[in-house]
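Look at the two complexes coming up: chain A is in both, with chain B in one and chain C in the other.
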Partner chain A sequence: MGDTLNILGEVFLNTISHWWIILPTIFVGLIVGGIPGFSAANTIIILMPLTLAMDLETGLIFMVTLYASSRMGAGIPAILVNIPGTAGAAATPLDGYPMSKAGKGQQALAMSFVASSLGGLLTTVIALATMPLLARVGFYMHSVEMIVVMLFGISLIAAIAAQDMLKGLIAGFLGLMIGSIGTDVIYATPRGTFGFLELYDGVPLIPALVGLFAVSEAFVIIEKRVILSEDGEVAMKTPNWRDTFEGVRMAFARWVHVIWTSLIGLAIGVIPGAGASIASFVAYQQSRTYSKTPELYGTGHPEGLIAPESANNGVTSGTLVPLLVLGIPGGATAAIMLIVMQFHGVNFGPGLFEDNPQVGYGMFMAMMIAYLFMILTILPLSRYMSRVTTVPTIYLAPMIIAFTLVGSFVPREYMFDMYLALAFGVIGYIARRTGYHVAAILIGVILGPLLETYFMRALRISEGDVMVLFSSTLGNILWVCLVLTLTLPLVFDWRRKRKEILGK
Partner chain B sequence: MANAPEKWKRQIGGELVIPVLAIVFTLYYFSTIIDAPWTAQVNAFGIGAVLLILCVAFIIRGLALVARGDGSFGMANLFTREDIQTGRIWLLVATVAYCYFIVDFGFTLTTFLFLLISMLILAKGKQPLLILFVSAVMSLCGWALFIWAFDTRFPRGWFEETMRMVVDYG
Partner chain C sequence: MIRSTRMNRRTLLQTGVAASGLVLAAPSVLRAQSFPERNIDVYIPTREGGGADRNFRAFTAIWKEKLGTDFEPGFYPGASGRVGYEVYMGRAEPDCYSLVFGNMGPEVLNWAVQRPEFDINDYFYFGRVDTDPGCLFVGAESPYQTLDDILEEARTRTMSVGTSRLAHPASIGLLALGEETGTNFNLVPLSGGRNTVAGAVTGEVDFSVLTSGSVIASGDSTRCLLVFGENKVGERLNNAPSINDAFDMNLPEMLSSRAFGIHRQAAEDFPDRYQRLVDTFHETFDDPRLMDEYVAARGTPEYLNEGDVEDCAEFFDAMLELGERFRPMLTGG
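For the complex of A and B:
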């Protein structure tokens, strides 16, 4: 306990001393997060060359701050112009936009920032306090359990995040198959490499994520010539201090609401594959269910805005838990952080808090301090941030392509990696246009080599007996959860359709 | 009823692209490990088999939709007239060219040319001076931030070498 406190104190002071990176990163995150369709994941990818050039601590603080602030920034266009910056802010306009239309755009923005900051800060403190407990979970996870958890993560994305479970599973398993490219670990037999020597070490992750997320996104957003409507621009040109403070007061007056909806976000964030979009809708739905005035939801009700904003920022600390404890990214942004940290030689998973406790605790500490700084700094500037949404896509898309593609060259200095990123961009574009989940593909690519490693380890221990996969109690419980995850949505869907037919 | 809107049909053709690619890739992968030791095969055969089953199930479901009249083999969700109208295809060509030339011309110059050409394509030739200015500023900012300030390992060419000498020797 004493050691942990010492480490926490050391990490706190160290993180505070990086204020010079936290402050500008908050503004960058808010600006880029406010661009519709441009997620925290994409922001980190674009600035990845910078992250790779930084030392480990600075890079870590930079990414975590960017993650938290871009999540908050996504609410700006959602409130002002009914365009969520990311899927995680999809529930925000339900009550935020009616507030803007009613002339309370500034109040809505200020309330959203306060709810997001408080929600994020609170859940980060809770996650940090329970981390030693959660870290023990890792020691119960052996090869068999890890295999099931990985398949569980893929299945959860398919069942929850993807609109069509079958498509989600295809995307996840295609990712696993792509992740299996390269030589096998025992006899170095090349597998699925198309004859490219550059693929003998496996599929490099940075080109994969650049292509799947950034390049494909750029090719999609050019359909919208100008992001904003004229009404949106007008809404951004009338700053007023009094309205801002009224929004702050409205958020603090509903502090209980902030707390319990952010806890929903934390709980959902811990589940791999769930994410901000699910958390925000669940929180909105729960908030409405237990409200004394449910009829006001959807008409510009403050609690209808607070619920999704607190929840989607609660998710940010939640997604770090499976990443740090198990080494399994809970979402796209966590996956990208994993890749960048691997580049710096840090391996997440059960041993992290033994080998690198500063990194484990540092990520939460950076998030906590980022949220603290955000409360103090963004309110005065928040009124002007949303103007970034006026940048036309004809400028935006080529910049995204140029700066991310060249970023995929940096780690290995192979031109091949730029072409590989482009190829993944085409796959990502097809996947987006036809309803496949690109995050599922990426998580599959990341987990593919890990799954093989654990699988081979389990087989070696059991001398080749495949039934080892069902040999542990915890593993079997997880298998049951996995099967339930895949079957329950089908059962619910069947029951819903049956009710509809009976109703007719 | 002649003017009644035609019933919307799910475009299964586009949705089948990923499963078909997955099947082709999986079979190719299997062909590369058919004579390999079992340690190189076991994981891939397991995952590949599941993937093939999922893809076949999806194809059967798609065919059933088409047979019921709820779907078509169209690809309107993937290829549309917008691909030409928005300049997406030419943007793709410009992107391939960017990857090809960056190794010879270096990051700054190639990025400038890529931004200029692709923005002109997307803007259909409008506002050339503004686009020229934005392209120049962005590529120079990229050079200043990534190469000059952080010494990132971006491809270097004539411009970067010249600027290095200017910075080093004044």
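For the complex of A and C:
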């Protein structure tokens, strides 16, 4: 114990002394995270020659900081202009953007930064303290359990559909159908690709994301002078630091919410292969389910913004656990970290904390310090960032379309993806104008293929026996939780209405 | 003897034909000498940052000096490599300025299972970079710590086995093991090497099969029990025996084998350009710095293994044959 504390103290001082790499990397991460198509993984790949040239500690701190800050950066355009930077921030605009339109962009950003930093910081400390236990989660969360986790996220479609059941379900199923385009996960047989090679690997997420959210939003906002509502314009006329502090206060006032939604992110992050998009949707769905005011979600409700932001930053620290303890990278960024670390002769896995404890503890310490630095450096910027919402739409809309179309091109460098983003933009625009919810479509597009993958894998392992879905204790517990999650709100609603009737 | 220098009609005709030939051939000779005039585009059918990317960068770091031009990679992942090949065959000009860098093992095997849009004889591999045998491995905490443990269990039930994709040389190795020992294995595609290692380590599947380079990279988390080829690295694969030694079999090596391929038409239309590619590819292997680059890119030194067009063709045919043989098991047909 004493040795561990000594190592932690040593690693802490060492990491702090690397402030000169942490600070610029935070801003690089914010930028690459905020532009759809760029990501921490892409950036680390592009900068790999530089990363490999750095010494081990510097390279490690650089990658971890970039990873954490890009996750936070993805939420900024999601809140301000309805463009999630990555799929992990896809649930952020549900409540973040309505806040911006109401002139509360500054509060929303501040709240998002605090929730992200606190969530990331807290889960990093928990991950550090309980690493051996958390690493075991992957041993229990197999395909069957992941199917139920996916269903938690997908059930959000039903919640969205609650406002108009038929339209919500149609949108959700459309998303699921679009998500099933591509080659099947077992035999790689193409389905619904219409002969387009570019669709063999499935519908690419970034074009779908920017099309449904950003491009369609640009089509909508061009009909107005600014994206702000009338009240929002009044509120934004006199920007002041009070709004930032109000956002900070709103986040701290909901500290319990930050904790439990970030823990959802941590729990999902430690499962190899699961990612931030699953965590943010599940956290949003859980937050809404157990809220006393579920009807406020989607209208700019603070808890609806805190949930996905805390959760997707909780994933960040969670992803490091299987990488460090088991040598299994939990996601694309972790996989690249593995390559870079191996280049420096560090082997991850069970022996890491015996052979190279400085590296193991150092990665968590770097993440903690990155989050601390982030909250101090980014928070003051929310006042200026929120001014984006005051830009007239005749400038803003073309900029959104231009930037996001380039962003949709970047991951695969196919012109096809730009056309696809435009096509999704048209679908999104029609959906918005006719009362269908684009988020319901997107949930299907993002989670549908993942659900299919786990479902087909479970069936394959069981040789086609559907009862495999109820074959594990943990899976059955999760099934019960899912049923409760879906039915309890109905019960609560029924009781509330009954009380109202009795009261009258 | 004094030779007559007088020009007669035959000499005139001969000289004329030779001169005309020279004039006609001159552009091609000049073109060959000046080839390459621009960068070479390389189509890679996997994601950026993966094993193929590292391998490609290591090899071309030396090759570009020999050829005198740079190589520009383009990454086209999807559908078990099919997207990259379709794009290469369908969109790249067959002029020797475009190459494909693929993994001959799983990708050729895939042609036997899922025929692509193009004729597979319209391209060929001319330079092999490495050979990495597949292997069978378990997680460090698996209850099956020896091959005998696995075979004993497999005689009582069908065991689930993770593989990165069904049409993979390591999958074929496992099916051959099943045939030899009279046991049944249920192959479960886990979409990529990372998930395949995770499947074995976390116990989602009983064990996994994969290219041994990826298993070596997973360190202490896994334990290799059998190699579908020669174990050239000994302790790093836990001194696991080769399948042929362990079961007295005569199975060809089940290799992942990265190689450069080219349009057949390009090699036929521009033989001098093609020859220059082949010659400089060979010179690259003669350069001792190649090994340094390969090791720096986390390659296993024992797996760096030059192969020429004949070696590649032989391997190509063997994979197609094995694919046809095990086709029903790989397609569910």
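In this section, the second predicted complex is superposed on the first by the 272 of 504 C-alpha atoms of A that agree within 3 Å, B and C clash if a C-alpha of one lies under 4 Å from a C-alpha of the other, contacts with A are read in each partner's own complex, and residues count from 1 in each chain.
Everything that follows uses one rule, which is that a residue touches a chain if its C-beta (ideal position, glycine included) is under 8 Å from a C-beta of that chain, and two chains touch if they have at least 3 such contacts.
In this text the structure is predicted, and so the values were computed from the model without any measurement.
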{"item": "Partner chain in contact with A:I45 - chain B first, chain C second, else both or neither", "value": "second"}
{"item": "Superposed model, chain A: greater residue contact from chain B or chain C", "value": "B"}
{"item": "First (chain B), second (chain C), both or neither touched by A:V410", "value": "first"}
{"item": "Which of chain B and chain C A:S143 touches, first, second, both or neither", "value": "second"}
{"item": "Touching partner for A:E223 - first (chain B), second (chain C), both, neither", "value": "first"}
{"item": "Touching partner for A:T289 - first (chain B), second (chain C), both, neither", "value": "neither"}
{"item": "Touched partner set for A:I186, first chain B, second chain C, both or neither", "value": "both"}
{"item": "Touching partner for A:R457 - first (chain B), second (chain C), both, neither", "value": "second"}
{"item": "Touched partner set for A:D201, first chain B, second chain C, both or neither", "value": "second"}
{"item": "Set of chain A residues, in rising order, touched by both chain B and chain C", "value": "185-187, 189-190, 413"}
{"item": "Of chain A, residues touching chain C in the complex", "value": "41-42, 45, 48, 138-139, 142-143, 182-183, 185-190, 197-198, 200-201, 272-273, 322, 326-329, 332, 335-336, 338-339, 342-343, 347-351, 412-413, 453, 457, 460-461, 463"}
{"item": "Residue ranges of chain A in contact with chain B within the complex", "value": "49-50, 52-54, 166-167, 169-171, 173-174, 176-178, 180-181, 184-187, 189-193, 215, 219, 222-223, 393-395, 397-399, 401-403, 405-406, 409-410, 413, 415, 418-419, 422, 425, 427, 430-431, 433-436, 448, 451-452, 455-456, 459"}
{"item": "Residues on chain C engaged by chain A in the complex (per definition of touch)", "value": "48-49, 54, 74-80, 82-83, 86-87, 90, 110, 113-114, 140, 158, 160, 165-167, 186, 188-191, 194-195, 197-198, 201-205, 217-221, 296, 298, 331-332"}
{"item": "Chain B residues within the chain A interface of the complex", "value": "14-15, 17-19, 21-22, 25-26, 28-29, 32-33, 36-37, 39-40, 42-44, 46-48, 50-51, 54-55, 57-58, 61, 77-78, 82, 86-88, 91-92, 94-96, 98-99, 102-103, 107, 111, 114-115, 118-119, 122-123, 131, 134, 138, 142, 145-146, 150-155"}
